[in-house]
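Going in written order, the chains are labelled A, B, C and D, and every chain counts its residues from 1.
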Amino acid sequence: MADLRVTVAGLSLRNPLLLASGIWGESGASLRGAFEAGAGGVVTKSIGSEPRDGYPNPTIETYERWGMLNAMGLPNPGIDEYPREIAQALSAGAPVVGSIFGHDADEFARLAARIEATGVHAVELNLSCPHAEGVGSEVGQDPARVAEITRAVKAAVRVPVIAKITPNHADPASLAAAAESAGADAVSAINTVRGMAIDVRLRRPVLAHGTGGLSGPAIKPVGLACVWQAFERVKIPVIGVGGITSAEDVLEYVLAGARAVEVGTAVAFEGIGVFGRIAAELARRLDQLGVARLEELVGAAHGAAPPPRTPGGGQGYIPTSV
Amino acid sequence: MADLRVTVAGLSLRNPLLLASGIWGESGASLRGAFEAGAGGVVTKSIGSEPRDGYPNPTIETYERWGMLNAMGLPNPGIDEYPREIAQALSAGAPVVGSIFGHDADEFARLAARIEATGVHAVELNLSCPHAEGVGSEVGQDPARVAEITRAVKAAVRVPVIAKITPNHADPASLAAAAESAGADAVSAINTVRGMAIDVRLRRPVLAHGTGGLSGPAIKPVGLACVWQAFERVKIPVIGVGGITSAEDVLEYVLAGARAVEVGTAVAFEGIGVFGRIAAELARRLDQLGVARLEELVGAAHGAAPPPRTPGGGQGYIPTSV
Amino acid sequence: MNSVRTIVEVSERIPETPSTVTLRFSYAPSATPGQFVMVWLPGDDELPMSLSYTGDPKGVTIKAMGATSRHFLSVEPGALVGIRGPYGNSFDLAPRRILVVGGGSGTAVLAPAAEAAARNGSRLVAALGATTERELLFVERMGRIAETVRVATDDGTAGHAGFVTDLVGPILGQGPFDAVWTCGPEVMMRKVISAAEARAVPVVCSMERHMKCALGMCDACALGPYHVCVDGPVFPAERLRNVPEFATSKRESSGRRVRL
Amino acid sequence: MNSVRTIVEVSERIPETPSTVTLRFSYAPSATPGQFVMVWLPGDDELPMSLSYTGDPKGVTIKAMGATSRHFLSVEPGALVGIRGPYGNSFDLAPRRILVVGGGSGTAVLAPAAEAAARNGSRLVAALGATTERELLFVERMGRIAETVRVATDDGTAGHAGFVTDLVGPILGQGPFDAVWTCGPEVMMRKVISAAEARAVPVVCSMERHMKCALGMCDACALGPYHVCVDGPVFPAERLRNVPEFATSKRESSGRRVRL
């Protein structure tokens, strides 16, 4: 039976499947439930300094089984209330990553210290939520601010720090590089892709907030490209996120360079059993492929020979780094 | 019967459906065929200074009916050869938009003048192809270069100029604003979303080029958000592109602010008959909605009242411009 | 999971009490009693609402609580609302002798379930409570199917003066019952459970929690190890026994726990 | 449209001529004779290839032309290749008397079509051409189903010394034929059409054009008003009559037209 264990940013995981931030992440019982259902570890909902309601409903729109748009607006109980939820997850033995969001480096650093004190095994910086003003990707789209925030958080905590980057950028890998330069222990890619839904009869946006973030299978190609490019650019481990619903998806991310992955929207489409199912599938698939340890495959699609030739005529094809 | 005619960037179209660049766009007979199949007008393949083979195959990957990834690599016969193809489309009476790509403002200006001379009714600047080195979004992701290129093209031609912008950016509307400030007559949004596909058994990227661009239904939410934001930011007309497969999709784009739309990937999934079908559907749907002229709906979802209240508790919801 | 949103036209508006209105509309997906839908009032919020009519046309029965539910009261026929669902589980409709205990708008979900059970051959007694006589919901509707309908009002304007829960013990004492179904404020439901447990009658509760996605994803509706939107809203009381939040706390929109 | 790519293992490699090899593999989607698949040699290009075997295992028969097709020659059993399709239309298999005229690797697509027609009761004559005897493709395979197989080689090492097209007139003169099927260089096919038209026998041609998407989208395979990938590859000669490019020009990868 193939070995699914991975080590990433100091986390030792029994399998590479993390619960993504924002899914089953507000209550300690849910975090625990996700772990018991087979997740290798859990990332909490992104927590801020104050309780925050998020946007009014409608906060989600779905597209058959291939996509979902959400603008939750970062609802969270705030850092004063949340530690009790984390405690419940930790007591179940789950590796817990505390996700935080803030307006500036100071706020991030303060939140990081607070959440570290709960006993989380790592901190993930939400530098990438596409639908919240003054936080999320608004602070995370500038490499300089990514570096500044990462540096401040690194100075404030001892646990590993993971920077979660946005795909809504001309060069997402530059954000990964900025995080690495400031000492991040890993990057996770990606958060949702900015999107919107309009209702024709009502002549208005569907989400109360107007724009939201696209997740689910639709964004898997986007996530794979970001992970691929980040892997080429940084030495720290990359965690792949976006549209994962099967063992095959996990392996694609791993081959692109991910050392672990996060699973979100699949929980809505399939239920929390998705973790157990994918983990079992993954072990079977690796056996089938004759791979003893999942970690052997990290980044293994890099360096595959490029097409060796120029098709007839014209100015021809010049292979480039992708 | 509802009036589907629209006027955009000086083009008078019998219906808002343009053939998107890169689809049925290399041969004059195909451009003509798309018009005869019901398109309101056609955009040519993006043409460069020299013949260019594009990348070797595989150049496409599909995802059921909801998405497609391509890295054609801008194959095109070059500006010396292409005028004969345009002539064939013009002779059929089709409104023709000549799409061009280049490495810098000079090359764009030269190409624009050359393509204007063929008699095209407008020029579209490809500032947004996500998978070609030194051209496409590499020049189009910087507002200053978008403005510089647009300005140079405007100085070189009399026909209207449309800047096609990329969604792979932190703030795509800023690219629209840059184009407007430089005199663009319209913007089209969006080109494809950067993405990648990996094959697990082969342990390599599927596309010969590695990364490619995602198109089709998966990116409709992304296109709608870009059109919405561009409409809020600029006064020049916006042309919506991305994932359109039905009259409902067209109306969503129009309500978000598009005065016309382009249809690409749907041609692969349904055939060129998609134009006639959508045009007929559109007329029926407008009749059903009691709308006499499609143009009445342009941008009509803007200004819909935001949710009026804060849900109980917490720091509450502050409506913002989306 | 039916998560596609459909815009429907309200076909009928039935004022039920001064604070409660039923809206009927055609909505194709089939539903079973106990399930709920997410109802969007465009320009306003989207709220979970039990189906008070599960056939065609479907219906929801809304009591004015906060701003949005109050806005729903003024929705007129012809208005467009967004519906998605139905979501959640439903009542077991096997024929038995059932006591139905509804408090306030909680009766909305019990009525279609009671009707369906009656059609299947169940024998029913109903106990309905409200603040005052005019606020009693579906008394007539329940009267058409139940052997007996007992009412209670806080102010004594009709039936028992006091809580509907006061009626439960005496009714259960009068005859063998196989089940109690209840929906209303959690403190009320807890009392119903106590009274029924004393007589070893199993209770089923229909629960409410703040809801956003209704897809078992966002965690807004977390209740102990459950998500009310997918594991509920109908819970046998045994499943609630080890849920410390039951009748003690709930979560706000932010996820913050507040005492009930 | 079957556009999902499947990675298959080559199960058998059959050298057919010094420059031509057949690769067999299991690939589930059903196909009809005349259709093609896109075959990807990982690390190299992906090329359109007619199915030379449409049953199970399927097969493609590849002649070394440029670099990629040459690389295919050295593919061994066990190698992984990517397949998508089948794409395009197919031959009309109604029973008739058919003359099959193949030039070079063109015979690859004609063989399975001829076999299927024969199974349906068609009577067949085949005329096959190549540069030299050892390059003649599927002579034995055609011999098993055709009443007569005539061959032609440029260098006279077998059969008629000269073009296979020289055989068409004489064969058609010998008996009533209902149809001619041909695949090969376009100049060859044009000559076949002339010879058949002189005797009023309708011709069907299997065409090749540069292909990228195979989905009727990218325009690489444009041929007059047609896209060979979806409107073809099988064309009745009448449909080609008004296509000036036929047998005169084709498009390179760039879309630039070049003379044949």
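FYI, a residue touches a chain if its C-beta (ideal position, glycine included) is under 8 Å from a C-beta of that chain, and two chains touch if they have at least 3 such contacts.
A quick note: this is a predicted structure, and the numbers were derived from the prediction, not measured.
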| item | value |
| --- | --- |
| Contacts common to chain A and chain D (chain labels) | B |
| Relative to chain C, chain with the most remote C-alpha centre | D |
| Intercentroid distance (Cα basis), chain B paired with chain A, Å | 30 |
| Distance from the mean Cα position of chain C to that of chain A, given in whole angstrom | 38 |
| Chain centre separation (chain C, chain D; CA means) in Å | 69 |
| Sites on chain D at which at least two other chains make contact | 42-45, 252-254, 256 |
| Chain A: positions in contact with at least two other chains | 51-54, 56, 64, 75, 199, 201-202, 204, 208, 304, 306-307, 309, 311, 313-315 |
| Chain A partner contacts - residues on chain C that touch it in the complex | 1, 3-5, 7, 38, 40, 42-47, 80, 82, 212-213, 215-220, 222, 224-225, 227, 230, 251-257 |
| Chain C-facing residues of chain A, complex | 22-27, 29-30, 32-33, 45, 51-54, 56-62, 64, 70, 72, 75-78, 81, 199, 201-202, 204, 206, 208, 264-265, 267-269, 271-272 |
| Complex contacts: residues of chain A adjacent to chain B | 50-56, 63-64, 66-67, 69, 73, 75, 133, 137, 141, 166-171, 193-205, 208-212, 214, 217-219, 221-222, 224-225, 228-229, 248, 251-253, 255-256, 285, 289, 297, 300-301, 304, 306-307, 309-311, 313-318, 320, 322 |
